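Please find one structure pasted underneath; my questions will follow.
Every chain is named by a letter (A, B, C, D, E and F) in the order it is written, and numbering of its residues begins at 1.
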Amino acid sequence: MKKVEAIIRIFKLEDVKNALSAQGIHGMTITDVKGFGRQKGHTEMYRGTEYKVEFVPKVKIEVAVPDENLQAVLDTIMRTAQTGQIGDGKIFVSELRNTIRIRTGETGEQAI
Amino acid sequence: MKKVEAIIRIFKLEDVKNALSAQGIHGMTITDVKGFGRQKGHTEMYRGTEYKVEFVPKVKIEVAVPDENLQAVLDTIMRTAQTGQIGDGKIFVSELRNTIRIRTGETGEQAI
Amino acid sequence: MKKVEAIIRIFKLEDVKNALSAQGIHGMTITDVKGFGRQKGHTEMYRGTEYKVEFVPKVKIEVAVPDENLQAVLDTIMRTAQTGQIGDGKIFVSELRNTIRIRTGETGEQAI
Amino acid sequence: MSCHRMLAGILCAWTIFGASVSVLGAQEEAAPADAAVVPAPAPKPLDRGDNAWVLTASALVLMMTGPGLAMFYCGLVRKKNVLSVIMQCFFLMGLMTVIWGLWGYSLAFGGGANPWIGNEDYLFMKGVQAEWQDGKSVIPQHTAYSIPMLSHMLFQGMFFIITPALICGAFAERMKFSTMVVFMILWGTLVYCPIAHWVWGGGVLTYNGDSAKQYAMNGALDFAGGTVVHISSGVSALICALLIGKRLGYPTEPMPPHNLTYTAFGAALLWVGWFGFNAGSALAADGVAASAFAATHFSAAAGALAWAGMEWIMRGKPTVLGACSGAVAGLVCITPASGYVLPMPALIMGAAAGVICNFACSSLKRSFGYDDSLDAFGVHGIGGTLGALLTGVFATRAVQDLNAGNPIGLFEGGSLLKGQAVATLGTWVFAAVVTFILLKVLDATMGLRVPTQEELQGLDLNEHGEEGYIFL
Amino acid sequence: MSCHRMLAGILCAWTIFGASVSVLGAQEEAAPADAAVVPAPAPKPLDRGDNAWVLTASALVLMMTGPGLAMFYCGLVRKKNVLSVIMQCFFLMGLMTVIWGLWGYSLAFGGGANPWIGNEDYLFMKGVQAEWQDGKSVIPQHTAYSIPMLSHMLFQGMFFIITPALICGAFAERMKFSTMVVFMILWGTLVYCPIAHWVWGGGVLTYNGDSAKQYAMNGALDFAGGTVVHISSGVSALICALLIGKRLGYPTEPMPPHNLTYTAFGAALLWVGWFGFNAGSALAADGVAASAFAATHFSAAAGALAWAGMEWIMRGKPTVLGACSGAVAGLVCITPASGYVLPMPALIMGAAAGVICNFACSSLKRSFGYDDSLDAFGVHGIGGTLGALLTGVFATRAVQDLNAGNPIGLFEGGSLLKGQAVATLGTWVFAAVVTFILLKVLDATMGLRVPTQEELQGLDLNEHGEEGYIFL
Amino acid sequence: MSCHRMLAGILCAWTIFGASVSVLGAQEEAAPADAAVVPAPAPKPLDRGDNAWVLTASALVLMMTGPGLAMFYCGLVRKKNVLSVIMQCFFLMGLMTVIWGLWGYSLAFGGGANPWIGNEDYLFMKGVQAEWQDGKSVIPQHTAYSIPMLSHMLFQGMFFIITPALICGAFAERMKFSTMVVFMILWGTLVYCPIAHWVWGGGVLTYNGDSAKQYAMNGALDFAGGTVVHISSGVSALICALLIGKRLGYPTEPMPPHNLTYTAFGAALLWVGWFGFNAGSALAADGVAASAFAATHFSAAAGALAWAGMEWIMRGKPTVLGACSGAVAGLVCITPASGYVLPMPALIMGAAAGVICNFACSSLKRSFGYDDSLDAFGVHGIGGTLGALLTGVFATRAVQDLNAGNPIGLFEGGSLLKGQAVATLGTWVFAAVVTFILLKVLDATMGLRVPTQEELQGLDLNEHGEEGYIFL
């Protein structure tokens, strides 16, 4: 099993989620994060004092997938999260030793 | 060392945390997340416009554990986080290459 | 490639971020987390009812780095995030199977 | 669900109907109403200064419930229930107003003869509203105050809103909304109206009133509602807390206020609005109003310092919630006394309330173990009782000569305290008994509590289908 | 940008200039002004009770816009646009006030002869402000009311603020700030001032006025602004929504209110402030004020119950937003009628508004598919129209004998309804046409909408360089 | 800690004691008090319209501090300190009120002979409160205004609350609460009361007063507190900022406002409340009140446009914080002038304040490098000074003939400006010196600042043991 972590634009979340469930991904976990990278932040001003906000709000999608679905999932995310503008985000793939469904105690791919 | 990531129900956090510390887990990190899975969300209504919220608020517990404690930790989480209802959540186990305690520079299992 | 996850004190974020970019780290992702560990929380009181808050607000920095930069990154974080007081936090290192830049589809170290 | 819908249906139907009926009614009624409009004694002429003040005060008292109390209370609950508390306050602003207009005002202030309850003189605003008489438009004046009947009705109506809203603090975070609606209709009609009539409507507790002389040790002084508003709601709140039971997880699981900034802003608005509540109760912009205003302000101030000061001494830290709670306690305590006491006794009453209510909301509550979620009893029940009694101590003829030149309060050698005790006891017993019966019946019929699952997930989503904050 | 800067520059320059000019002017003007100050008929003597009430009411009406409406509206948008909405309300508090002082009041209330628009009598507050005459300080009194001209100007000025602010609900979350500023200057001058003159300034719609008799079926009754405030803003809001187009992602993407607690607090403040709005419109602290106060309160209450009740019946849950929207709808509907109807009809009007506006904001809006973001049209346009017409039904001589002892409203056999219909229609057409033209011109010159990228990221950052909440 | 506890102990003890003493005192005092109650000249008869307005205004002014200023200020700090700011405002509402009742009012307004400080006439409300005289209840009337002494005391007491609260903006996010409490007790007694006496209590700065003629170029006009409230607090704030030092990380680390929505709502409430502050200072509901109301409203409006407009021109974006700050600056600036100037000069004063205070809060502050966290000096110190001087320019006999028919302000050829300059200078020096001494003493004894660790973690947790928001 693999864990896919994708950091994407907030307003893309809905699309990505729908695309993933469309292809039978039953679950995922979302976290609100702040990103720092090529995409520059913005400037705010309070009583004449300017201040740069370098972090850009992003959302992180975590999905555990069976190895055979990996490529499909990556493609889907790529396709739906892309705008072509700097700041589209990243996908990180890592190995999962095990997965357990708390409710049933199922483990491994059944648990996903 | 392993990293255990458990996504559980918010109101179970207290119990799980206590159970873990009871068995000598000195530390953990908690993140607020939104979950998507079999458990369906709820419907809200604003001026007659219904709108479905598919994400369910959950909390993620991250614990780094020495391999020998892994099973115990998994069992504890399973036991305390379980309600038997859809939505209890998942546990993900992955490999940790290293751990460092910033304060002291200790590494590996001492750092946990 | 490695993924470095550092849990540090909130008010150290600025320094760590600057130090990292200074040494050419182009990107990172930040998450607000709550920590539980040796550092004890605080007590609050509402109408005479005391209540202990055991979780300490922390911030988690995630950085994907090429293997050759790993040590440098770890050292930088260690150096800038350290106060010597209990609660400085931890660094976790794990393996990354792959990284993809959504915008371009680049993979591996180019994507970082 | 169906029960909800039915209920709601009835509610609306009955509002529209009641109104329609009486609109049509209005016509024939003209003549008989006449009688009610110009009763002996003759109405007092209008004083525009007094009327300006009473209308302003009415606005201030409504502001106490919304946004005042809504903010104060909603900040104290957990985020998942913030809207449910606001909804209780806001919906009651609508509900109690309609009831007041249809029959409440009449039951409380209609006629004066009956010691126990008002008559039908003012049903559907008959005799209160404007009327076309002998080719002239007439807006009935009050006979005792130089303001229109309508101004009196409005001002008193605002009290009819906030009193039940105060009770909501006791069953917050678990009460079924539909049941609350029915309960408040009944409570307002069967508990508030009678007590208001006893104390202010010429009933059995009215100071120096005939029936008071007969049954109630000469009656009591309650300038702005120590018994009518605070004891009645506070005691009923206690009964509610006891019958509905504790919130899931109470007291083991921590349930800290989710937004103390709201609570503090709400407390400040309550303080400001209370000037309308107390000084407005003079029903005139005269020296008594100024005196009541001063007493109110001083008592609130002393209450805030006393509660926060006590925390500071005993726990090392003064809290915002403590200062706010103390101010409210001081305001509650001075309410019955405000138009009768001097500023310095007001300071003492406020300080006493700060200390005693603090104790009631912490040690006392803990030792008895009931879950009065937002301390409606601890602050209003205890504070109101304290105030009613201390009124008997500090009331002075210096502010108002209500006793033919003779001393009034204990402190100046008067005997008012006896009547205050009677009134306090009477209100306690009556409010407790009727509330108990109402809740028992509702528990058996509609149920008081939301299902466990809904309580866990929060009332906002389950009772109202909304979320308080969507920040992401 | 440069356009923004230029615009802003002009704005300031023009304020300072206008003021300076007239300051200098003030001197020579003394004599001619004189004429305006003491016109036949002679001014009424000052009544301090009336003045106290009108000043209080003015404060209440300003409170309706800020913080009232600002809270009500800003809670309904998404977090990224919360400040942009607040800014629209707050900036208009400044902008419209300056315009009102410089020329607005004069265009609305200057002279009375002209049926369509006011004259220059009160430009730059000449004839309204204090003056040094024949060695004495004179503060001009109003000729029709026992208050100073200044009090009348202030009270009316608060209406000039909130009316445009109401429109902002229609184009929230996408309107360009600079364009909004210019639009509101023009709208206030070219739409509000004329209509205010027609209805209240002795113009063509003034009830029983000469020109009304001539052109407008004897004119209309609009106690506090059903046509002037609510229809004008509501209809203009619809035009705005249609011309500026939908928000990106509307209606597919959910856009839930980001902070309903604000919306509820705002609604409560609107309710409280509305007493100043309606009862203040009596411009005296008399029985009519009390009657208007009661009608206002009852209608708001019935509106809240009706809207929430309808949700309860049809969807199983009463919502906080529903109760709040219903109260506002009830308040809107009673506005033109408040000083002319009895309490029970007020209940009916409120209930009707709750039901009909609920329908307008859900089914109606959905079926037509326009994006009136915060339902400025659904609540103010529809509610105002309903109120204007029902005023023709329920207005009664019992409250004010305005028709030489003859019946007024349909319900008592009068013929007012015709005039109300004319006024409603006239206001609809005029507001719609002028707004349409203004927007077309502005669209061609400045553009109405922010760039897509900015709309996505939010107006707070892009239009104002600020964030509403920084909680971490 | 122990120090805290001790302090708190003393505070409470002393409140209760003070009150008790005087309660007992009240009895014997009766006779001598008599003297104070009916002084030559004879009291003015009560006007209920005036009294209604002054009581309403008092409520509005309290609302300015809580929730107004509390919201305005707390939104500007970081989340971790939100409660500490609210607590300062709220606690001061209690603390200053008690001091005012015990001795403050007497020191400010007792007697008139002494040019520097009031006498003991009104200690413990003696001579102000109701009294039993010759078998009658008497509520003392003021000799100069047609309102009760109590109304005057209350209205002035609200100023005594907000003035110290304004200072809190300077040391926000780092000041020790216990030290703040002691400082404010002393500051109110030793700085505010004397200055209030000079300007309003018949002291050395009172316009055309004997001692003013002698020492102060004929004295100054300060209608609602340009010197007494704004210069005194603003200048003291600057001293506080300088002596307590910068916040950790200032100015390198960004410290953006955590909740601008609160700041905007607070600003709106300040604007509304300021009508009570300024128009209420007429102490009557007359034409002068209306004129002051208008000047206040226009100045606030121009200030908002000017500040935001300047940002727009110079940085391309108008900010919400800018509009709000500008409105407040305009309100500050017009405060001393409000009862003496015409509407157009009010526009100019507001615009000037918007521009100059904007400059003071950005460039000026940056170049000097002090950390006046919330710009208490930049807005109140600078704005108050500007207002005091411009009053000397624009004050006109047209509004009030205070100079025997002769011109008053420079603009109409009068010589007031001299006296204004003297008053401004005197207030600057006095406030600065006394504040400096007080802080030095407190720094040496109690310490001004919280420990570094606590400042980092936030004052809410460490000083009050509470959290502002618990959203999860």
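What to note about this one:
Here is the rule we use: contacts are C-beta pairs under 8 Å (C-beta built on N, C-alpha and C of every residue); 3 or more make two chains touch, one makes a residue touch a chain.
Just so it is clear, the structure is predicted and the values come from calculations on it, not from any experiment.
Where touching is counted per the definition, the chains common to chain C and chain E are A, B, D, F.
For the two copies, chain E and chain F, the CA superposition rotation is 120 degrees, given to the nearest 5.
Residues touching across the chain B and chain C pair largely diverge in numbering: under half of the numbers involved belong to both copies.
Between A-E and C-D, more C-beta contact pairs are found at C-D.
The mean-CA centres of chain A and chain B are about 18 angstrom from one another, to the nearest whole unit. Chain B and chain D have Cα centroids separated by 47 Å.
Note: centroid distance chain A to chain D, computed from Cα atoms, is 53 Å.
Residues of chain D in contact with two or more other chains: 47-50, 52-53, 56, 256-257, 315, 317, 319, 321, 465-467, 469, 471-472.
In chain A, the residues that reach two or more other chains under the touch definition are 31-32, 44-46, 94-95.
Interface of chain F with chain E (complex): residues 47-50, 52-53, 56, 60, 79, 256-261, 264-265, 267-269, 271-272, 275-276, 279, 284-291, 293-294, 297-298, 300-306, 308-310, 312-313, 315-321, 323-324, 326-327, 342-345, 347-348, 351, 396-401, 405, 411, 469, 471. Across the interface of their complex, chain D is touched by residues 11, 14, 42-46 of chain B.
Against chain F, the residues of chain A that register as touching in their complex are 44-49, 51-52.
By the touch criterion given at the top, residues 1, 4-5, 7-9, 11-12, 15-16, 18-20, 22-23, 26, 46-53, 55-56, 58-59, 62-63, 65-67, 70-71, 74, 82-83, 86-87, 90-91, 93-95, 97-98, 101, 124-125, 128-132, 135-139, 141, 147-148, 150-151, 153-154, 157, 177, 262, 463-472 of chain D touch chain E in their complex.
Across the complex, chain A is touched by residues 3, 17, 21, 26-31, 64, 94-103, 105, 111-112 of chain C.
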